[in-house]
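One chain, chain A, links the two complexes that follow: it is found with chain B in the first and with chain C in the second.
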Partner chain A sequence: MKLGKTLKLIICTLLIFNFQHSIFNPTHAQGLLGGHVTGNVQLDGQMSRADSVIGAEEVPERLLLNARADVLYTNGDFSAGLRLEMYQNPLLGFDSQWKGQGVANYFVKYSGERLTVTAGHFYEQFGSGMILRTYEDRYLGIDNALFGASVQYRPVDGVTLKALAGKQRHFWDYGPGLVRGVDAEVSLNSVVKPLSGSKLRATLGAGFVSKYEDDENIPVPGTENRLNLPLNVGAASLRADLGFGGWSLQTEYARKGQDPNAINGYIYRPGNALMLNLGYSTRGFSAGIQAKRIDNMGYKSMRSLSGEMLYINYLPAITKNHTYAFLAMYPYATQVNGEQGVQADVMYKFKKGTLLGGKYGTDLHLNSSLVTALDTTVIGGLGTDGYTAGTFSKGDFLYGDLSLEVAKKLSKTVKLTATYAYQVFNPVVEGHAPDLYHNHIVVADLSWKVSKKHALRFEAEWMGSDSRYDPEHGHDDRRAGDWVMGLVEWNIGTHWFLSLSDQYAYRDGTGNYYNLSCGYTRGATRFQLGYGKQREGLLCIGGVCRQVPASNGLTFSLTTSF
Partner chain B sequence: MKKTISLLAAALLTLAACDSIETEEYTVYDGAPVSWSAAPAAPEAVQRAYVEKYTGPKCTNCPRADETLDAAHHQYGDRLVVVSINHPSGQGIPYPNEPDMRTDGGTAWDKYFGITFLPSAHLNRTELYSGDISAMIPIIGESIQNAPSAAIGVQATKEGSAVSITADIQLLQASAATLTLTAAIIEDSLVYKQDHYLEGRIDDYVHNHMLRKVITSHWGRDLPGGQTLLRGTLSFTPDADINLDNSHIVVFLSEKATRRVINCASCKIQ
Partner chain C sequence: MKKIIFALLTFAATCGLAAQNAKLPENIALKDLDGQSVQSSVIQNNGKPVILSFWATWCKPCNRELDAIKEVYDEWREETGVKLVAVSIDDTRSAARVRPWVNGKDWPYEVFLDQNKDLARALNVGADVPHTFILNGEGEIVWQHKGYQDGGEEELIEKVRELVK
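Right, the complex of A and B next:
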């Protein structure tokens, strides 16, 4: 802790010294010690009042604020940075443990030609992240940065060795587990001379991560026993990234040692995960197929913690990250205890002047994904191996979707994107009863560049679903039912925009969610003000989700960078 | 080259850091369970001080701590309860062919509180004194003047090869904290080698208050909520090498979250 305070003091001194001077020399943002300072500021505010129809609750504070400022000082090979954060009080849906303010992240870094050393807070990823990925997502309210030291060394071109150790950030404190890791990545085209000019591109990698956590007393119910916990939990992975012409293949296999924890119900079964990504692309066409199997791979630096905090690893999502409102209404959250799935994605561009391409060409995008649970046989609970699982046999259906998107420029100023999607969603992934929802969704998105300074965008969405909102019989999901939505967005000149939208559950559902927002952008600064209703649901990014409660009121945000 | 070797060394060390537990060892005995009932009468409402002393046979200054605590015992009588814990490593390692006083429970406490220096003494698990622990003595005196937030009394009887323990508890102040009851057996008059700050190694040093076993789970058993006057009963079979005639039962109440000991009691085994 003493070392942390000293480090923070050095960074603050450097930044203040340089930042003060850069204010008076804004042209170059040049500090007294040389180098330069850059940064960004973001402020998000929310006011919400009670609304029994949508389930919004009164906010006693009236005004909720999340704010942050990142400042980075760079001088040649040396850089240092810090981030101030404030949650007074946290926006709705953010864990109340975020409440507070202070310097949440600080580091010093040396980046030489062969060697990179970081002390303080840092983010790192080994391969696809299945054994280690620390990251920050301000919208999900996740920051699992490691606080410690990291070394990256490139002894020869094409070879990267990494070693790190530290503890993960947990709100305003650190998790109890000590995380250590090593990783090596070799580009065979750089190291093996005969491959240097080859069409075959090959990169191989391997990583190992170990977590140490003190013992704790976890009693076995109904006995006089407690769990004999492994204090060091290791996870290893092997990966390959191959390419030949337009073809590419990325694959990674990971294994995790015995790791009884709150997520898996304190079972001793080792974990494993396999990810495969095969793709082909050429001009106007690309296709990819992705397959993934996860078995007991939740890996945290605090074994007794559930929820989304303190994950050491990241298990990539295998479903498309949809952006349209109804397509994203039932997002799929990765099931770290076990799932398997495939995703196929095809994009094709009909050329200009062809029957389907017309005058400007037509883009076609087809995507489908299917995720099921593992086929497991339970052999015990806490303090046992938990279950056995068939290698590729299917368990319960969890999620499936098929979407077809057609984008066509109708004239020089008008572009239409039309989407149809069919989704089948099992709410068991959100902890509800396994009662499948079948949804048909249609979206029409029309952009019209009215003039050089004005543009309009119209969006219409419809969703038909067999789900019902019926709280008296236990169906309390406010997303249920059939919905329609309309949106108009007007970009006025280069600085202003105005947007009006409404989502309405017209059958078997509840709620009318209107929103009005406007914004002003000038240079790197953007201010946005909105008023309306927010539907409760899940916000998911890359398979990692945050519960968003309903709200009714004003929101505003300010972002700027320097 | 040096950097590559260093990174490879880091890799090897990390690779070694993975524990594997055999199926039959997934669970381990966690001490005697406690049965709860209503206590027939309230125990004496007196505040006692609880001291965990960390010691080792190769710690030359540990006899100084023994002398200090013996003097404190003389001064405070049964208002002071001392438990001597043999440090698990370094100066705590026994001499060859000498009794090993290290215990699983003591090691768990030692590691949790991060004991790195011998002798150390922990008063009520809130204030840690290392080296010269004499500064703790007046603090003990002050602490036992406080009004107790909970009263506790204990009785222990031999029943064949087993020992039956009854702890009566009265919660005197309302608190939201979860409390736990921990019971341990300590033994006096154990004779084995001990390094001494004046006399070098003493072959027949007399060790008192030595922790022989934490009878409950290492961190105790939770008190049931909603009751202010309750009795906890438990029984255990002591190891054959424990002389029950020289032994005491120590019980203490602590806050589950902070481990702070709020009161304690000890008794001879009848």
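Right, the complex of A and C next:
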């Protein structure tokens, strides 16, 4: 990686020159070569003790720490960046391979009016990400940035062409596969004269990605043979984004070539995926329906790797991203080997002065989703096409939920949000034995602006579930059972907050999870300190999940941007 | 390594004082609510200040902030000429919901999508939203704030008032 070293050197030199100059000339924001240095820093720390009731294990290190700092230099159309990361040791739930420190990300970039060129690490997405999306999520411990080069060119307004090549970051190394891709997107309204200013809006796009990976020896069990692996695996997609007045329709269809890998059990069946969003909205009302089908679309730059790292594409969950604790307790995780689902979403605002709207208006939000497995027939294992799948017939039930949220301002200072949800969850999506949990959840969330300086927020949640905690008979999921939760949050001015919460499994007694936290924010700096118990479970962001073990102790977090 | 981190923090603190007037980048691709590509240079207000707020549909404090500003937005505009531009960082999972969301909420703001977080990264937004910036009439970043607590909009408009004084 000679190129890498040179790049790092150039970026460091630029940053240091600029930095020194800003010290010696504090009245000028601009550095020696002009331009600006900006950045952000984040520190997350954790101290945890053993607790047998909640299943928190002894942590040998006194303090676990994840730290990072991004420094960005910008000068007109030119920019360069550097990121330092340190995991000494990584927080609970992070893969131990994160342990270490160093320069994790660096790049130089030119972004002109028509042309953008990046060398180094970069994040990119083609369309909805079905065939390519590199991204970073520091809370999940995922960073699959491409290291290489990317070019974006806009020959005329409304046309964007992209080309890229590189290898993906894998902890402190790179994945073995070389990823190359091209993408084109055309906005017909800009390109086709009669359509400019038309009520009809249309954008079309197409992308192609190819991954090259060296051959390896995957033996076929029971024989002396090994698999004849495709060294290049291609994926292509077509997409359209259409709109007419209040209506909108987005769709993308993707196909992937033969890609025997560790996720699909080394089968040769090609993959495909289809996504469809139909929406209508007008002031105060919106309705949308979303449908998605995924068939064998796990696409990684390392064929022998399972788990969440080194994905080239991104297939988020179709379900709503719930934020209340109990609604998010059993999150749905995308099944990249096969799933199909629909989601419907309706928002309505009862206007002020109407019967249901009252003095301040009322907001109604209805959401429902349903996901099933594909209806498949197995025709073989490793080295075969694996299975056949019915196009629209459904397989096993995986997840379903229905939630209704009503938000109402009761007076000038009090606002109430009430939510009811019904959820059916199959633990098979987390790799456990198939079963069905039926959960009813009720949430009341009340905020009260007591005075100009003080605000209080109360949250009460209840969950009734038919899942049982019975470790002797294999039911060892500590989320099981019926729960209650209470939370009080006190905002003092706009800088301080203090919050106290407790979650308690009142029937199965899998723990009492209390938490006390306080925080201080000033400008772009925020510090937060927490003490309490954390339930083991899945932390999911965008359908990608990380198993977080139980913990018991102190956490703190400092973030700042400058 | 600890030394490096320490040096970096010091560096961060010093730079914070030194580099105050970074400009909003001009050539970063965003999408508008109609799905059309636009460049970040569209975020401007004819020489008047802009409040630039990064948000997401799933972010409760973001929604509280934007709902709260909606109540006073007409007064703010009249008094200071300020314009609020809301940039959503929703990814594929919820990006299709942004337009219905904005309409359903009846927000009077200019809204753009930054699905790949290119603009968010260029402005060091980090992982958490809301993150709100104030740009002066020249498009320079003069103030920024993380998070939202009830009443936070008062501090925001105070900063804008200082600019137009």
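Quick note on the criterion: the second predicted complex is superposed on the first by the 552 of 562 C-alpha atoms of A that agree within 3 Å, B and C clash if a C-alpha of one lies under 4 Å from a C-alpha of the other, contacts with A are read in each partner's own complex, and residues count from 1 in each chain.
Throughout what follows, a residue touches a chain if its C-beta (ideal position, glycine included) is under 8 Å from a C-beta of that chain, and two chains touch if they have at least 3 such contacts.
The shown structure was predicted, so the numbers you read here are calculated from the model rather than taken from an experiment.
Trainee: Record, for the superposition on chain A, whether partners chain B and chain C clash or fit.
Mentor: Here chain B and chain C can both sit on chain A without a clash.
Trainee: Put chain A at the vertex: what angle do the Cα centres of chain B and chain C make there, to the nearest 10 degrees?
Mentor: In the superposed model, the angle at chain A is 130 degrees.
Trainee: Applying the document's definition of touch, where does A:Asp477 land relative to chain B and chain C: first, second, both, or neither?
Mentor: A:Asp477: touches no partner chain.
Trainee: Figure out whether A:Phe562 sits in contact with chain B (first) or chain C (second), or with both, or with neither.
Mentor: A:Phe562 contacts chain C only, not chain B.
Trainee: Could you say whether A:Thr282 touches chain B, chain C, both of them, or neither, answering first, second, both or neither?
Mentor: second
Trainee: Touching A:Thr160 in the superposition: chain B (first), chain C (second), both, neither?
Mentor: Only chain C is touched by A:Thr160; chain B is not.
Trainee: Of the two partners chain B and chain C, indicate the one touching more residues belonging to chain A.
Mentor: C
Trainee: Under the stated touch criterion, which partner chain does A:Gln88 make contact with: chain B (first), chain C (second), both, or neither?
Mentor: second
Trainee: Figure out whether A:Asn232 sits in contact with chain B (first) or chain C (second), or with both, or with neither.
Mentor: So A:Asn232 only meets chain B here.
Trainee: Which partner chains sit in contact with A:Gln125 here, chain B, chain C, both or neither? Use first/second/both/neither.
Mentor: The second partner, chain C, only.
Trainee: Superposed on chain A, how close does chain B come to chain C by Cα atoms? Whole Å, please.
Mentor: Across the overlay, chain B reaches chain C at a minimum of 19 Å between C-alpha atoms.
Trainee: Give every residue of chain A touching chain B within the complex, in rising order.
Mentor: The contact residues of chain A facing chain B are 115, 151, 153, 155, 161, 163, 180-182, 184, 208-210, 212, 214-215, 217, 219-220, 223-228, 230-234, 257-258, 268, 383-385.
Trainee: Within their complex, state which residues of chain B touch chain A.
Mentor: These residues of chain B touch chain A: 3-4, 7, 10-11, 13-15, 17-21, 23, 25-33, 108, 111-112, 217-219.
Trainee: Any idea which chain C residues touch chain A in the complex?
Mentor: Against chain A, chain C makes touches at 1, 4-5, 8-9, 11-23, 25-29, 34-37, 39, 58-60, 64, 91-97, 99-101, 103-106, 115-118, 121-128, 131, 143-147, 149-152, 154-155.
Trainee: Quick check: in the complex, which residue numbers of chain A touch chain C?
Mentor: Of all residues in chain A, those touching chain C are 19, 22-23, 26, 29, 36-42, 67, 69-72, 74, 77, 79, 84, 86, 88, 101, 111-113, 116, 123-125, 128-129, 133, 135, 137-139, 152, 158, 160, 185, 187, 189-190, 201, 203, 241, 243, 246, 248, 250, 277, 279-288, 290, 314, 316-318, 321, 323, 345, 347-349, 363, 447, 449, 452-453, 455, 491, 493-495, 497, 521, 523-526, 542-543, 559-562.
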